[in-house]
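Consider the two complexes below, in which chain A is the common component and chain B and chain C are the respective partners.
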Partner chain A sequence: MSKRPAVQPALHKVIMVGSGGVGKSALTLQFMYDEFVEDYEPTKADSYRKKILLDGEEVQIDILDTAGQEDYAAIRDNYFRSGEGFLCIFSITEDESFQATQEFREQILRVKNDDNIPFLLVGNKSDLDEKRKVTFQEAQDRANKWGVPYVETSAKTRENVDKVFYDLMREIRARKKDENKTSNGRGKDKNKKKKLKCVIL
Partner chain B sequence: MDFDSPEVMKDFPGLYSSEKKKGNDNDYNDECEKTTKKDMLIGKRKEKKDKKDKDKGYAALEGESSDEASTCKSKKSKAFKFTKSKDKEKEKHKDKQESSKKNPPKKSEKPHKVRKGFGPSKHYVGDCTDLADALPIFGVDIEEACTRGRCHDGISIPLPVRECVDYIEATGLTFEGVYKVSGPKNKVSQIRKIYNNRQVVRLNEYDVPTATSLLKMFLRDLPEPIFTNELLIRFEEAGAILNYNTREKHLKTLIESLPNLNRLLLGWLIVHLHNVTLKEHINKMNRQALSQALNHTFHISSRLLQALILHQEVLFPNLAIIKYYPPLESESALPDDPVIIEKELSKLESLLSQIHWEMQNGHFSKTREEHLWEVQRVTTELKRKLKKFAKTENTSQQTSQDIKQQSEEKEAEKVLEEPVQVPKLEEATTVNVEVEVKNIELTYDKKIDPESVTESEETANSSDAIKEQRTDSEEEYSDSELSSTDSELLEDVFCQYFDEKIVTLKIKNTLLKDLIESLTENINQEKKEIEDHQKKISNLMRCLPLKPAYRRCLKDPNSFNEVQTLLVRENHMLQIKKLHLVRQVMEQKEQCIDLQAKLKYAMKDNKDLKIF
Partner chain C sequence: MGPPPIVTGLSPNEGPPGTRIKIRGEHLGKSPQDLIGLTICGVDCLLAAEWKSENKIIAISGPIKGKGDVIVTTKSGGLGSCNVTFKGYHIATIGPMKESAVWVDETDLYSWGRHSLSPSSYQQEDPLGLSVEDSEKKVPEEDLLNYFPNKSGDITSSNFSPRWFLLENHQTTSFNDLQAGLVHLRRKVQGQKEGQLSFLKANISAVMDQIDTLVNLRESYETDLPKFGHEPTLKLEKAIKESEHKARKLFDEVLSRKDRAEKTRNALNVLSRFRFLFCLPCVIDRNVKKGDYDIVINDYIRVKNLFYKTDVPIFKMALNEVEKRIIDLQKKLHEDLQTMPITVEQQKRLIRYLVNLEAPFECAWDAIKARSDYINKKFKLIHNYHKSLDKPDPKAKNGSASKYSKYNKTSNVDITIVPSSVNFTEEICLSITETFPDLWKIGQAYFSGELQVKVEPGRQVEFKYIVMNVIEVFCKCIRASLIPTTLDKTDRNQIGTLTLPERDEIAVYLPELLQSVRSTYASFIKLDLPNEALDIISLLLLDLRIHCMSIMFQQTTEQVKQLTENWRVNYNGKYTGVTELPIQFLNLIENMIDVVKESVLCIEQREVSLLDNQTAYKEMEKQLNNILTAFYNVLNNLSSSEDYDECQNGVPVVSQLIGTPVSSHKTGSKSDIPIWEHRLLISLSNCLFTKETVLKMIANKFQESGFPPLHGSLNHAKANLEHLEKSILDKYLEQKSDPLVGTIEPSMYLGRFDWHLTVPPSDIRPYIKECINNLICVHSEIIHISPSLLNAVLPQVVETVAEEIYRLMSCVQKFSREGAVQARADISALQDILESYSTEKARKYFQEALDVIPPLDRTDSIIVEDILRQCKARMKIQILCLRKKN
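So, the complex of A and B:
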């Protein structure tokens, strides 16, 4: 008896991960509502849905903003399972948050059991360049090691905010197309490239 | 109820073979299906045995529950039913099997039941079969049914019971032969499956007999009767007592010794059944007929059931059936009232913690995960709304607090406020500790109503206080006017002006005095009500020892804190709202009195004119 919405555009599920206070919620809110929230309030879990045009195609994005605090780790794990793409965020002004990305990456790979899961490493707070603790190269190296793109953003100035979400959705979409092809066995020979591009600003 | 249970095979060894003979003229496919069905049943029996050995935790599933649920009466009647409608059911079953083969995504009951007995698997299995098999709501003890089929408004009644009762209360009371007429079995077990899958059931898409049969099935499938095995005989003894008062007394003590959840469930049902009998002139189900239709379901004699319905008012005082509004869904319109938002949020949080708990215990399914995202989305949206509201409210809150401070400085206010604040505080604490009590005590039904009791008390009291001061000053004012007019009476120009003033003020004076009188009357009424409520609370506290029941419905310690903080916040918001209301009432009353005074003066003028 569960009611299903009629025909809906493709839905991509994105999960925001990263330590507390790196700006996961700020990025999400900036993307969703074009607003920047100055006051910090730890998130437990929040979920948003938005309809957008992705390369001329109407799609829906579900964003799950998770808790950075370990107190809510159990809740977070329940969501990881259903995530289709991940934005792993750290603050360029805080080295600890950068170190923590390693653990998040491992955890996601463990839950998803898939090394090619759509994933972006995101260095947030690029507007605070004078307080920078993590160099661009350092982060880029880690991203290369993982085979994922690295992007620096600023939730305050909206720099690259759309980009990280759109890039991730493109990866998810490509991934789903690949999966459909292999599962349906209909070998439509399109560009079968593996999405492992690097983004240099 | 479960016609394809292995016990049926035992009782009727020739059941399926005879069917084969009969079905000779049918095509070959049908026969194939029958044999597979038989194999499956045998397989199922084996598994069930295995399972019994392995764990008795989930032992109570479907057919098995009836063994354990004692009283062979119901079993006999079951067997009898089968012989009656055997052929029909077989045919129905064939159809079902065929349709299940045609619609693979539905997967139907077969593979579903075969999997029973295995431990929870960590992979998706189509729909929520995993959850339904491992953690069913039907056929488990009351505590588990309350946790798994949780009502998120804090009332610990298993969801299927709650929704069936709501539906029957809404549409079934006027149905002739309600509880006597039974619904189609396939539909009933279909709904049971939906409940076990934690999916939304829309009972209004079915009919009254289906709902009553579902409720009966739930009760019959309980591994232990509501009256508990230990107390069952004593209940029967008490029910057999001839003297009205002694019987009532005995039943009352027995009911008080029932576990909380059993007592609440029983009370809910008995009050509901009483409501059914109140409409006996339409539904033709008096106490006797109803008891006879239901005593097997409760595993008791119809005499005892009759007695319970008869004494319900004393046995379950202050218990009112509260309609359940499930948590909001993404399609539903979101409320704007912060009070309602808070309430909805706490329901959503309860649902969220339930889903998380299930998942942490290894029960995943695609649909459940989607549900989780959806619930989280609604929660987030509501929280955003609340935040926005809080921001705009922050400023007005300050002003209203100022008003309160001003008024508190005055003595009259203090005197009047004191008797109110004592019960108010008491109520607040009970609310915080025990959601259940709160919900029973304050009718949840009308959404804002729960607060209106205390609200109105405060409104009446404080508004009265303010009014009194105002009249005092008004009187002084008019007195001074009077004295001043004496000296200047000679001047004609002023004379008229003062005359007008004095007369209107005098009129106002009497009007205000009337108002005070009616308000003091109100206060007295409210005071009485407060006393009543206090009595009710203390009664309930005695009936439902707080902590154990609460812990049961909230296993997660986090959710206790959540609920607590939510309630504290809610109370805060209510205070603000109340102050607003008080102010509004005052302003309107003042305007009203002004206008009335003017009106009266004008009328008096008219009269004067006529005289001249």
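So, the complex of A and C:
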């Protein structure tokens, strides 16, 4: 009993998508390091990973921060394939970025071939309400159409930053549980049972 | 030593050599001097690294290929670890005509510098003079690196490897071509060796150009000399210095401004951290109220990381405040953890919270203990509740029940009042099925390490004890409520029994109770409990099954005892000549077997066949004997209750003697109950039927239902029945023949007749006719009840009649001649008519009776024959009655 099995926390892979300059990196850095980066520097592809507590359970979050400017769909396909959940970000001060979300959504569904992939529509820069171009209702309608939640965030004030990541991870976790149950739940269970028996006797 | 550095973020996460990478993470060194090592994919990049803050380093990637970790080493934290990977790749040389999915920076290839002077030397022709085929199947560069470490395929490189070159460029070239290439190469080398003259010759135009250029250069130098003097570069140097100074002035300002901005930002960051600390108590309060414990825990861990080692008093105060809240929260969570009822999931979550908060409790163990206490408390509660219901009216209820159940039927038991021990058992089964799996699950989670709690030594044994104890108490409770006899006295006192309900009462519920204990057992089996624990319940189940079966049999015995006879004989249907009684008996037993089979005999998970158990088998045999004996007693009682009948009839048997028809008895009785003789016959018939048919059917039924063979009891019952049959028959015969025989003598001498008188015989005498009529009467009586009894009963009667006749004849002192004729005629008639029912013995008696009569002469014999003929003609109907049908 002295050797406790070293439980490696579950890993949830999150991918940030959205047009250039909407604040994907800013959201990521605010979530990861509590800092707000003012200067703009286009991202190519950044990786982040850390351990957090999700509903009392220790999990690892892996964030892939992608390039918004990228015009080459082929490279995005590769990124998307590895993702388990997506935060699709646009800036509420830029209608073009909001329109682009449609394209991102379609590409993700095509690559993942799964209509229920964990996905959150995120309107960033909510602190710049006076420059707002996309109304809340408009975005909410689109999210409803897709059957996904819509959240407005501000990487600057940290409003809802934790929420979007945590919500997405909960969805990913719930989905994994479902898959485990339906696919190989039985066999695994049996193994576990055997082990448990040994433990007590 | 501080915490080791950990890299959690890379921007970007891939790139060619020379990529500028922002490395983010925690504890990446307290100062630039603290950072003493940085490798990216195993390549040391410390030289190019720039320490920005504890969370950020900027580095330039070296010559990396493939994926790898980014490891930071600091003086204060030692060798660090990495969560993310960097992927290095070499940009393939891409010609202007080649397609590419990414944009390739070509400035290196076609930029200023030495290479541009002779582009041909960079984009070399093939030295073998062969066409370089753009072959698709190139040997991967990684493999080449493996084959030839520290070598290069670049022909200008100092560590050039020809083999690499050939593999890279001429993998598919044929040997002949390669030979030709070698000749070409040799020729070229030869050409270069031929000397400067030939080289000049070959490049004559270029040499001329160079000479012209040199001449022009000299001319223009000479014209410029007076203008600029001998040292033209001095002026240039001055100008450069001046511009450099100006540029510095310009940029210094921008740089200092940038520095200041950075400082301000850092200060703001620090401030926001402090604000976080000072607001935390309030935030914790708010989040606790909202139930967002996750956020509280995350915040707490953050604040601990940031301020744990602080020496600033005000921070300490704030931290204390936070600690106080956290301790309160721990207490609250700990209390919640032990407050039942609660689901396992909730408990697990609370335990995780407590572990994350580093609570000083042994929370997982406390949760287990709380659960087991809860189960035990619930047992007590249920027990006390039912005890309190049980107590007030045990006397009233029990008294009345036992008083009536003796005489009245079981239907008297009030079904609507469920005995409390039944309720108790039901409820305790339900309760343990609900609560126990949770206890087991949380225990398993605890020991398998799922709760992330350190398992204290000895807990294993203690947990086992708890589990066994719970199961034991559960079993004892059930035993105490249903079968207290199987418990020790101490246990009985400890648990306290409930009033045991009457047998008839409990019999209704037992199968149901058995079922609920079984379902509890099944749910335990599903939990994969250790065998030791399961065996406790399986023992209980076995006892319960035996008890249940025994009760069923006892109840049936009781019901059999209550069976009464309605004396209505069945003439149609499957079983004729018998009353309902045996059928009812059969039905009772069959019903009982069905119930027992359904409830007790059926084998569920982990159960053995009940009757393989020796005690069970013996118990069943005993009970079966009881049932059969009970039925035997019923039959016996019915056939021997003579007095009961006589007082009903009130007519003395003697009245029969002057030829009173037997049927006249019936007129006297008002009830439906037939007369005594009929009842004897009915009983006899029932007895026979039971012996022949019912017992066989019972045996079959037992066999069908999977009982082991029960010959012992059944044979015993058979013997009993045979005995009974005989005694009934005797009684009947006694009853019938005595009056019949008794009438013969008085009737014979009726009217002062005597054998020595000389009365000329004209017919057989009336006593014969009366005797025959009486026999017909008996015959009809038997036929009326059951024709199958005829052969058993009638010949016996005839035999006694014959014996009496012989006795009477042998007592006659003197026959007159007429008397002898008369007697012979009488006895011959009787002998003839009763022939079909005469036994060997009866025939002998008749013969002997005839021998006593003095012999006759011829004329007398003729008279006898005459009389016989006449009488047979007259008594045709009577004769027909007593003739056996073939």
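Criterion: the second predicted complex is superposed on the first by the 172 of 201 C-alpha atoms of A that agree within 3 Å, B and C clash if a C-alpha of one lies under 4 Å from a C-alpha of the other, contacts with A are read in each partner's own complex, and residues count from 1 in each chain.
Note that a contact is a pair of C-beta atoms (placed from the backbone, for glycine too) under 8 Å apart; a residue touches a chain by one contact, two chains touch by 3 or more.
Just so you know, these numbers come straight off a predicted model, no measurement behind them.
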Quick one: classify A:17 as touching chain B (first), chain C (second), both or neither.
-> neither
Does chain B (first) or chain C (second) touch A:45, or do both, or does neither?
-> both
In the superposed arrangement, does A:75 touch chain B (first), chain C (second), both or neither?
-> both
Chain B or chain C: which reaches more residues on chain A?
-> C
Using the touch definition from the top, say if A:54 reaches chain B (first), chain C (second), both or neither.
-> second
Is A:100 in contact with chain B, with chain C, with both, or with neither (first, second, both, neither)?
-> neither
Between chain B (first) and chain C (second), which does A:35 come into contact with in this model arrangement: first, second, both, or neither?
-> second
For chain A, which residues lie in the overlap of the chain B contacts and the chain C contacts?
-> 1-2, 5, 45-49, 62, 64, 74-75
Per the touch rule, the chain B residues reaching chain A in their complex are 194, 199-202, 205, 331, 355-356, 359-360, 364, 367, 369-370, 372-373, 376-377, 379-380, 383
Chain B touches which residues of chain A in the complex?
-> 1-3, 5, 13, 45-49, 62, 64, 74-75, 78-79, 81-82
Chain C partner contacts - residues on chain A that touch it in the complex | 1-2, 4-5, 7, 25, 29, 32-35, 38, 43-50, 52-58, 60, 62, 64-65, 72, 74-75, 162, 166, 193, 195-197, 199-201
Along chain C, where are the residues that touch chain A in the complex?
-> 8-15, 22, 24, 55, 83-85, 101-102, 265, 269, 272, 293-295, 297-298, 301, 349, 352-353, 356, 444, 447-450, 452, 454-455, 457, 460, 464, 528, 530
